[in-house]
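Across the two complexes that follow, chain A remains constant while its partner is chain B and subsequently chain C.
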Partner chain A sequence: MSLKDKLHVIKQRYAGTKMAPAFNALHTFLYTPNEVTHNGTHVKAVDDLKRTMNTVIIALVPCLIFGMYNAGYQHYLAQGAIDKASGFLGASFWTVDNLIIGAWTILPLVVVSYGVGLAVEFLFAVIKGHEVEEGYLVTGMLVPLIVPVDIPLWMLAVAVIFGVVIGKEVFGGTGMNILNPALTIRAFLFFAYPTWMSGDKVWVHGAVERDQMIAAGATNLDAMSGETILGAYAQNKTLAYDYWDMFWGIIPGSVGETSKFLIIIGALFLIFTKIGSWRIIVSTLIGALAMGLIFNAVVDAGIISDTSKFYGLMSVPFWQHLIIGSILFGAVYMATDPVSAAQTNKGKWIYGFLIGFISIMIRVFNPAYPEGVFLAILLMNVFAPTIDHYVVQGNVKQRMKRLKVKTA
Partner chain B sequence: MSKDIRIKKGLDIKLVGAAQKELKNAAAGQFYTIRPEDFHSIIPKLVAREGTKVKAGETLFYNKSIEAMKFVAPVSGEVVEVVRGPRRRVDAIRILADSAQEAINHGAFNLSGATPGDLKEHLLASGCWPFIKQRPYDVVADPAKEPKAIFISAYATAPLAADLDFTLAGKEAELQAAVTALGMLTTGKVHIGVGKNANSPLSNLSGVEKHLVSGPHPSGNVGTLINKIDPINKGETVWTVAAQDLVIMGELLLTGIFNPERTVALAGSAVSSPRYFKTKIGAPLSTFIYDDGVEKGANHRIISGNVLSGKQVGEEGVLDFYSNVVTAIPEGDDYEFFGWNKPVFDKISSSRALTFSWLQPKKKYDLDTNTNGEHRAFVVTGIYEDVFPLDMYPMQLLKACMYNDLDEMEALGMYEVAPEDFALTEFICVSKQPHQSIIRTGLDLMLKEIG
Partner chain C sequence: MAILSKKDTKLITDPFLDNNPITIQVLGICSALAITAELKASIVMSISVLFVLGVGNVVISLMRNIIPSKIRIIVQLVVVAALVIIVDQVLKAYAYELSKTLSVFVGLIITNCIIMGRFEAFALGNGPWRSFLDGIGNAAGYGFILILVGFVRELFGSGTLLGFPVLGDPIEKSGLYSIGYENNGFMLLSPMALIVVGIIIWVQRSRNASLIED
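Moving on, here comes the complex of A and B:
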């Protein structure tokens, strides 16, 4: 008996039982089911939710792999063990040593994110008797990419449980949630464990540990620094990196968001495959540029002096906002989540624009926690249904007007 | 003023097995069956009980709420069986056909001397009325209502549709009689959509407003025509008639005989030599599908209608009241290893997510009935709009139907749509939601609550 037939027999055995959704989730992972259409359209297009989610994961894989190398690279660089890499293909970047450190620290994040998140999903599917939906496949991949590399695993596990249960399952599961689950998880970490989510230590593997050792009396060690670009700007410091470093992504930051180059490639892939909404991506970037231009104008007009604590980030040329921080990652992978985003095409333009606009506003005005992208997206998630409501009302009004013209 | 219609949003689903332009006469069937379920929302009141002898065109049952609306026998013979479902609902009426056919002759109808009232009465009594459908609700037209216009689409764009230019060729006289009659039933116009590059027998009819239609499916759907020419507002009614049914209506008016003969395309990849057959409404499909066409007993699906909106009937099924195509495609009841992530070349996709149908826009596909994935909640947005040319928000309307919000359904344009308008959005739906049945349920709710 072939594997296919064996699985079919097991499926029949589980059919109707509590565990059926759990088995089906694993089964459909191997084989698309033998389900046929009934009345309605007798044929169907090939795309399903698994394929859609899988496409997003494909677009994220380069960011994950780069993140592993970068974690190792930042670690050794901060220790002073290696030289600074020159550019994307720099010799000291793509080394096995870097990859080993990176994989050692990041793979556990991936495993915990998927393990805990999927366990919660399976649990809910079995209790509520619905199929396991694929939403978490992408969320589980996003989560390790948007946290600091050294985040303790138990914190991540707690946050994932919170995010999946409160962010998604209480609303009815995939497709029903209001907030982006991955960002709900990040927001939980951010507010519950702020010391692990900001500052100039957490972004480089080993830096926190090194500090603790120094505090414990180790005298032969130097502190490791791993300040992000935004952190430096927010404190009006001079930068240790040039624009190309930022673009290629060989800078400290959350695991997967540093390489703007790979994010752009991922964005092009998502737009080409028609899985990601180009409207949201483009409008988010436009919104960010618009806010950047406004701040530049404020600086140019001399309204703000260079002693102000806002001066550093306000005076950043507007286009550079796109390559510092994680606005690009947010625009491409987070804002485009179809469930929590605006659902009408017109609404997507407004939604994206406001995300970009507010992101840069928070970035500039909140020097303590300088990255505002995730807050801006969560905020607009909440307003997305309102935006859609007004867009749809526009269509409804047209219909009413047609009626009025007729009856008048 | 005639208005040309060019549709950009849509999708042509190109399938293998289009019917060759070659006409055969189907063998006469032994049993003919009329199924009241073809006439959605009508409750039949049976006249011809088991054992009754009927002539072709004689009443089998009438509409319980409008007694004048008759539904007639397609052939002469004996009513041998009335199949009943739950609560004694009439499911089917089977007639054993006589070898010598007799038909009721109503006499030629003189249109020029008749009033609209006479005409209505004639159509209702002769069994031709059910060919006239109405929107809102996509049901058989209510003769008491005054339609603001009547729409006919003579442009077939659905996958494997019968080519109306071929099936209706030579029927100009009947078509003209029917549209002239329809013109008397409305104060507005009779709009006909014909293919822009086609040589349609309907393009030279007089007394109608002709529109040249082009673009991908659903440009040939009558719903698209209505939306682009004269959309339905609240309180208004429009009527629609399928082009092939005009012939039966026209023949009745010219000769006085209800002749349910129809040229039907037998198409689909499970048919070895797809072609056209001349047969009758209610005829058993077995009279023509096996005739060097469909392999008997194979694992396939026989559909009365097209693959998007037709009805699954099986080999023992009959031609339903409205269809002019019978489609046979393979069943897809098999598993596919890693079907959700491997590159796909032999199926149609609206995305490019490792699916490559965008590379070969001209290729013809052999699709089976597999759903290609499981049913999910609505997740992906913005894809339905790409294949939906009507000026409304399809997903929002579907959701309004799902939570039974009548006000919202009304505001979003529910009066304008029929289930078939949502066939393409259902076809591409990533979440595999049954759009057409959601819309049908929503329309039924509105019909019941608002009327």
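Moving on, here comes the complex of A and C:
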């Protein structure tokens, strides 16, 4: 008997019991379900929720693999063991050593994220007696990509439990959540354990550990650090990276958000497969550029002096805001989450524009939150239903007017 | 022999669980969010409200037949304000540090919706003894949630309980901290108090389906 048949048998044995959703989930995760609808008309579409989720995961895989190489590369670079790579195909970047150490630090993040998150999902499915939903498949992949490499695993586990329960399950599970669960998890980490989520140490694997060893009295070691571009700008420092480094992504940062190049490829893939909304992506970028232009105009007009603490980030040429920080990652993978985003086309433009606009505003004005993208997206998640409401009402009003003209 | 009749006992036990002022009536949330970062502050706040609501209910109940209904809110405010000032002065005299932590929130007991709510809903229409029980019951229900939230927030936020380091020393890395545990800074922020109260409400309603409204 094949595995598929065995699963069928097991499923039938447990049908109707408390554990049924758990077995059903396992079965549908591995194979196409064997149930068929017996009555009523129904629409048959090829892209069910599982396929949608898988498409996003495929778009994320390049970022994950790049993140692994980058984690190893930043680790060895900060140690001084290798030379700086030149460009995307730099010789010291795509090495097996880099991949090994990167995989060694990042795969546990992926495993914890999926293990804990799916455990919570299964638990809720069994308690509430509904089927396990596929919503966590993407969240579980996004979470390791938006945290620093060295985040302790137990913190990640606590945050995942919090994010899945408070961000999703209390609202009724997949499809009902107001907030993006992955960003809820990041926000929890950010506010709960700020020392592990910001600063110039956490972005490079081993830097925090090295600091502790130095503090404990090890004299034969140098401190390692890897400040992010945003951190450097916020303190009016000169940069150690050029724009191409930022574009290719060979800079310190959260695991998966550094490579703008791969994010753009992922974005094109999502737009081509019609999974991600191009309206949201484009309008987010427009919003970010608009805010950047405003800041540039302020600097050009001489309203603030170069001694101001905002000067560093304000004077960044507007287009560069797109390649520093995680605005691009947020726009492509986070803002487009179909559940928490605005649903109407006009609403999507407003929603995306405000995300970009507010992201850059937080980035520049609040040094305590070096990257405001996740806060901006969470804020707009909350406002998305309101935006939709007014778009729909506006439409209704317009049509009522047309009706009146006709009847008058 | 029971000291309290069945009906009187219900006055105390009801607000404790099935009609809890915070989790069911959702009153007095502001103070529940503001001062529950420490267990000690929660306990003092609970005792203060217990005093104000217990005594206040009796006073209002005694005066219920002579208060003109047009100005009853003003009279109620005067009574609460007088009691709150007593609490405030006592705290300043005997627990100055703590009164600084509680700062404006002791004064804000005046505006605590639970107190005005009980005056209006109960003390104006019932005798002093029953009003006293009702006041004690509601304040206890309020205090119970406050202390529960304060316990969770202080334990996970600062790793202490009533100021005693129960989880070890975070700086010297003893106890739990030696294996990498860290305090959860989010617990010290007010939003987390809202979430903790929310979880209590969730647990309570899922245990008692009759509390769920449409």
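One rule holds for everything that comes next: the second predicted complex is superposed on the first by the 389 of 408 C-alpha atoms of A that agree within 3 Å, B and C clash if a C-alpha of one lies under 4 Å from a C-alpha of the other, contacts with A are read in each partner's own complex, and residues count from 1 in each chain.
Here, a residue touches a chain if its C-beta (ideal position, glycine included) is under 8 Å from a C-beta of that chain, and two chains touch if they have at least 3 such contacts.
Source: prediction; values computed, not measured.
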Task: State whether A:192 touches chain B only (first), chain C only (second), both chains, or neither.
output: second
Message: Looking at A:202, would you say it contacts chain B, chain C, both, or neither? Reply first, second, both or neither.
response: neither
Task: Would you mind checking which one, chain B or chain C, touches more residues on chain A?
output: B
Task: Determine, under the contact definition given at the top, whether A:160 touches first (chain B), second (chain C), both, or neither.
output: neither
Message: Just checking: does A:64 make contact with chain B only, chain C only, both, or neither of them? Give me first, second, both or neither.
response: neither
Which of chain B and chain C A:339 touches, first, second, both or neither: first
- request: Report for A:170: first if it touches chain B alone, second if chain C alone, otherwise both or neither.
  value: second
- prompt: In the superposed arrangement, what residues of chain A touch both chain B and chain C?
  reply: none
Field: Touch list for chain C against partner chain A, complex
entry: 180-182, 184-187, 189, 195, 198, 202
Query: Given the complex with chain A, which residues does chain B contribute to the contact?
result: 13, 15, 159, 231, 233-236, 301, 303, 307-312, 327, 329, 331-341, 344, 347-355, 357, 367-383, 385, 391-393, 395-396, 411-413, 423, 426-432, 434-437
- prompt: Given the complex with chain C, which residues does chain A contribute to the contact?
  reply: 152, 154-155, 158, 166, 170, 188, 191-196
Task: Would you pull the chain A residues touching chain B in the complex into a rising list?
output: 4, 7-8, 24, 28-52, 54-55, 131, 133-135, 172-176, 272-275, 277, 279, 338-339, 341, 343-345, 348, 388, 392, 395-396, 398-400, 402-403, 406
